[in-house]
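Each of the next two complexes has subunit A plus one more chain, namely subunit B in the first and subunit C in the second.
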Partner chain A sequence: MSSTSDIDSLIELMARLPGLGPRSARRAVLHLIRKRGQLLTPLAGAMQQVADTARECLNCGNVGTSDICDICDSEKRATGELCIVEDVADLWAMERSQVFRGRYHVLGGTLSALDAVGPEELRIPRLLDRVETEGITEVILALNATVDGMTTAHYIADQLGERVRITSLAQGVPIGGELDYLDDGTISAAMRARKAL
Partner chain B sequence: MAPEKPLAVTSLTLSHFRSHKIARIRVDERPVAIFGANGAGKTNILEALSMLSPGRGLRRASASDMARRPDPIGWQLTADVLSGGAAHEIRTWSENGAARQVRIDDKQASQVALGQIVRVLWLIPSMDRLWIEGAEGRRRFLDRAVLSFVPGHAQIVLDYEKAMRERNRLLKDMVRDPHWYMALERQMAEAGALIHRNRRDTLLKLDAAQQDGTTRFPAAALDLTQSEGSMPESVKDLAEAIAESRFRDMAAGRTLVGPHRTDLHAVYAEKGIEAKDCSTGEQKALLVSLILANGRALSRQIGAPPILLLDEIAAHLDADRRAALYDEICALGTQAWMTGTGAELFDELGSRAQHLHVSETTGVSLQDPA
Partner chain C sequence: MDWRDHGILLGQRRHGETSAIIEVFTRDHGRHAGIVRGGTSRKIAPILQPGAQLDVTWRARLEDHMGSFTVEPMRSRAAAAMSGRLALAGLNSVCALLRFCLPEREAHHALYQRSEQLLDLLGQDDVWPLAYLNWEMALLEEMGFGLDLSACAATGTNEELIYVSPRSGKAVSRQGAGEWADRMLPLPDFLGMGADITDAGIAEGFRMTGYFLENKLAPALGNKPLPEARARFTELFGRLSKL
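The block that comes next holds the complex of A and B.
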């Protein structure tokens, strides 16, 4: 009875993970139990290890296992470019592309009066400090093209003023995208950002 | 005259939607006359069709309200649509009152994407009081017309309203951070100026279509008015006007400047009488005139008129005007879905339309050709 209850608890916890529901959580747990040696035990160990060591970088908000993350710790990444992202998943996405070699600043969300998220709830004061102290020459706003994302971008740009070069990611036709499937706003943005071949 | 690339629904399936447990309708591109007793579910069919476009449909109901009682497990609508020379399958549904989902050609899609495929306009009995009630209804009517010409208008309006709600919260909370206000006001100005331009362009198109068409319905002279002052046209001017109004807005607890304060003003052109002062029949005729003008203008723009949903359309129209309306609908080549209680209301249409009888038997709606 007790063991069934433990398994139910595990299923319930797994079902709270993004992308999983009760059914997929049951399947995952059953799979883990069947692969106890290859999966369940190492997974439990890895999770305990991460639970013990994972923390937010005090400088940029990235997730790592030390107070200062590898990116902030690396002198090679001190290019003067600072990329602002909404959350760590965005940072990881940028890193996967290997196109940016500067440093990041993770805001931890976007401004939203309706959700009671103001500048103090984000890492905006810390961002302003970093621009002053780390020799930043360019701030790249890599925020989502939503109302909250754009509000946050305008807010930061307004706060930084003329102190530094401010850029944002281009908006337009995605690679492999077909014009016929794009909405008017995206086509309009792509037209405005057109470039010579 | 049939359009070259018609816009039409060729099949519609309602599952657990309003009064319909399951209802399957197969039609061609001709207009559709739906008749049946009160409560048979005629308007529910029109509401289902309205859900093929972005938004909350012709009743502006929540997804949970659309579920069939007493087993509100959710609902689903499936439709085959001809649009722009291509066939599309649209599926939209809601489970347990959750926000509705959309799939187009079996791919997840946004509601806004529906606007690219289905252009739909409607007239329902509650709109009979459109000219005498508050400005919000007239703005909604106008924005529905704009949406038929500019499908992206829906997203612009959503963005504007989202930014305004955020700003209104700052105003209510007496937040005084000018950078936060400026960030929101800039977005409101960008979206607001576009909304205003789209509305103006739409009025010009409707005006031109009213002048061109040979119609027995009265032309309406249309204009945009503001509840106070005038609407700044450019992004810069609108941003400045909203910023200047900040302290007054804080006292009011809401935004007092912008396209959300616009009203659609109409005058019965031939008589020079404001729409709100016209008779009930004349007010209805003005609405019909605008819907038909919208159809003609859109036909000119994209080669096909929109789908029209005309609920209880015979109300307030005498037999002559009714026959004239049917003639104009057929001439326009639009797939108009019309409802009425009696089959005789659609006699003048004859074989130019498809006639559907709707009845409800033990929770299942049946459609039989008349």
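The block that comes next holds the complex of A and C.
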């Protein structure tokens, strides 16, 4: 048993990853061992590298390998537009779409009465600083269309006042969506936000 | 064990990768928590927004267990709430206060009905603040700290009721207050003297109910601080009404 304890502990760790359980972790580890040269060794190296260098950007909260991330460092991104997102996964989703060429600010969550998350727990003071110092002309609130997300959006809008233009993402029918399958809240929001063709 | 009931969703949080723990204020079983399997899925997550009216079925092996819910949406109120900041702040305040006050698994039929009616008015900003004030008074009454505004506690008259006693929660007339007037809470004139309803009067009503929530109800519940969501709502109401 002791001869496989290293493998067992790897399986145990892998099983903690999102989307994996003990059985799928065992399959993944077995696959890695069989592809030792092509997968296991490079993966171990890459993981060690990321463990050594990954950190949060001091400016926006994005994840990168230096104190200031590539987006904040790029002069081309200084368009005066700042997009506010809840977490890094949302930032990556926005970047995938390639529709926004400004900079981001990652809040690190939303205000939540249930989880006792107040404004102090989020990066809102830093956001207010950035609006002042980076010549921001428009703040785009790209927060989730949930009660907590919208509560946070309104709170930020109140904090920013009339210093900058504040916009938020539209809500309504998704591309490829069928009305029959939409919930009544989405249909109601889409109806209110209808536009002339 | 299982039962089926209607309820108002008060809050939800993630549990593991795919499930959610929800708290529902049900008609016949009071505030009740349970797990929703697959509650973070794309299909169910949009339903599980605070304020949603749900048809819930609860199942557990023993009554003491947390158990699991299966949910069917009846009415979503999130869209109405998200249409304006006052409605959103109001919804947050209602859900936070219900979570704060209600004991678990104890039916409160009258309050349930009042809460359902109040939430159905969400988005109607012209009538909502007054309905909310009345709901807070109903909440205090249900929790055992009801206000008695029918007659003066000192003289028995129902003329010129302009104060509320912070100790008893009873109305006090100008004459009855006498030298104690500076220790009394102001009673909104539309509640005491049938005057026209104004935003200033409603704001005064919020200060009055806020006093009893903070100084009577909260100490009885172990001195927990009142949910911040209420303060945000009343502050926003004052700001939007330019008071």
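Heads up, the rule we're going with is that the second predicted complex is superposed on the first by the 194 of 197 C-alpha atoms of A that agree within 3 Å, B and C clash if a C-alpha of one lies under 4 Å from a C-alpha of the other, contacts with A are read in each partner's own complex, and residues count from 1 in each chain.
Please note the rule applied: a residue touches a chain if its C-beta (ideal position, glycine included) is under 8 Å from a C-beta of that chain, and two chains touch if they have at least 3 such contacts.
Predicted model, so just to flag it, every value in this text is computed and none were measured.
Peer 1: Overlaying the two complexes on subunit A, which is it for subunit B and subunit C: clash or fit?
Peer 2: clash
Peer 1: Quick one: is A:145 in contact with subunit B, with subunit C, with both, or with neither? Answer first, second, both or neither.
Peer 2: second
Peer 1: Taking the superposition on A as described, I'd like to know which of subunit B and subunit C A:118 touches: first, second, both or neither.
Peer 2: both
Peer 1: Is A:135 in contact with subunit B, with subunit C, with both, or with neither (first, second, both, neither)?
Peer 2: A:135 contacts neither subunit B nor subunit C.
Peer 1: State whether A:42 touches subunit B only (first), subunit C only (second), both chains, or neither.
Peer 2: After superposing on A, A:42 lies clear of both subunit B and subunit C.
Peer 1: Which holds for A:159: it touches subunit B only (first), subunit C only (second), both, or neither?
Peer 2: first
Peer 1: Touch test for A:18: subunit B only (first), subunit C only (second), both, or neither?
Peer 2: So A:18 only meets subunit C here.
Peer 1: Which holds for A:183: it touches subunit B only (first), subunit C only (second), both, or neither?
Peer 2: Both partners, subunit B and subunit C.
Peer 1: So which bit of subunit B gets in the way of subunit C here: 153-161, 207-215, 297-305 or 351-359?
Peer 2: 153-161
Peer 1: Is there a shared patch on subunit A that both subunit B and subunit C touch, and which residues make it up?
Peer 2: Touching subunit B in the first complex and subunit C in the second, residues 113-114, 118, 147, 150-151, 154-155, 183-185, 188 of subunit A appear in both lists.
Peer 1: Taking the complex as given, what residues does subunit B use to touch subunit A?
Peer 2: Residues in contact with subunit A: 112-113, 116, 150-152, 155-156, 159, 162-163, 165-167, 169-170, 173, 175, 177, 179-180, 182-184, 186-187.
Peer 1: Which of the residues in subunit C come into contact with subunit A in the complex?
Peer 2: My answer: residues 11-13, 17, 23, 46-47, 49-51, 73, 75-76, 78-83, 85, 88-89, 91-92, 95-96, 99, 227-229, 232.
Peer 1: With touch defined as at the start, can you tell me which subunit A residues reach subunit B in the complex?
Peer 2: Residue positions touching the partner: 111-114, 118-119, 147-148, 150-155, 158-159, 183-185, 188.
Peer 1: What residues of subunit A sit close enough to touch subunit C in their complex?
Peer 2: Per the stated touch rule, the residues are 18-19, 113-115, 118, 145-147, 150-151, 154-155, 171, 183-186, 188-189, 192.
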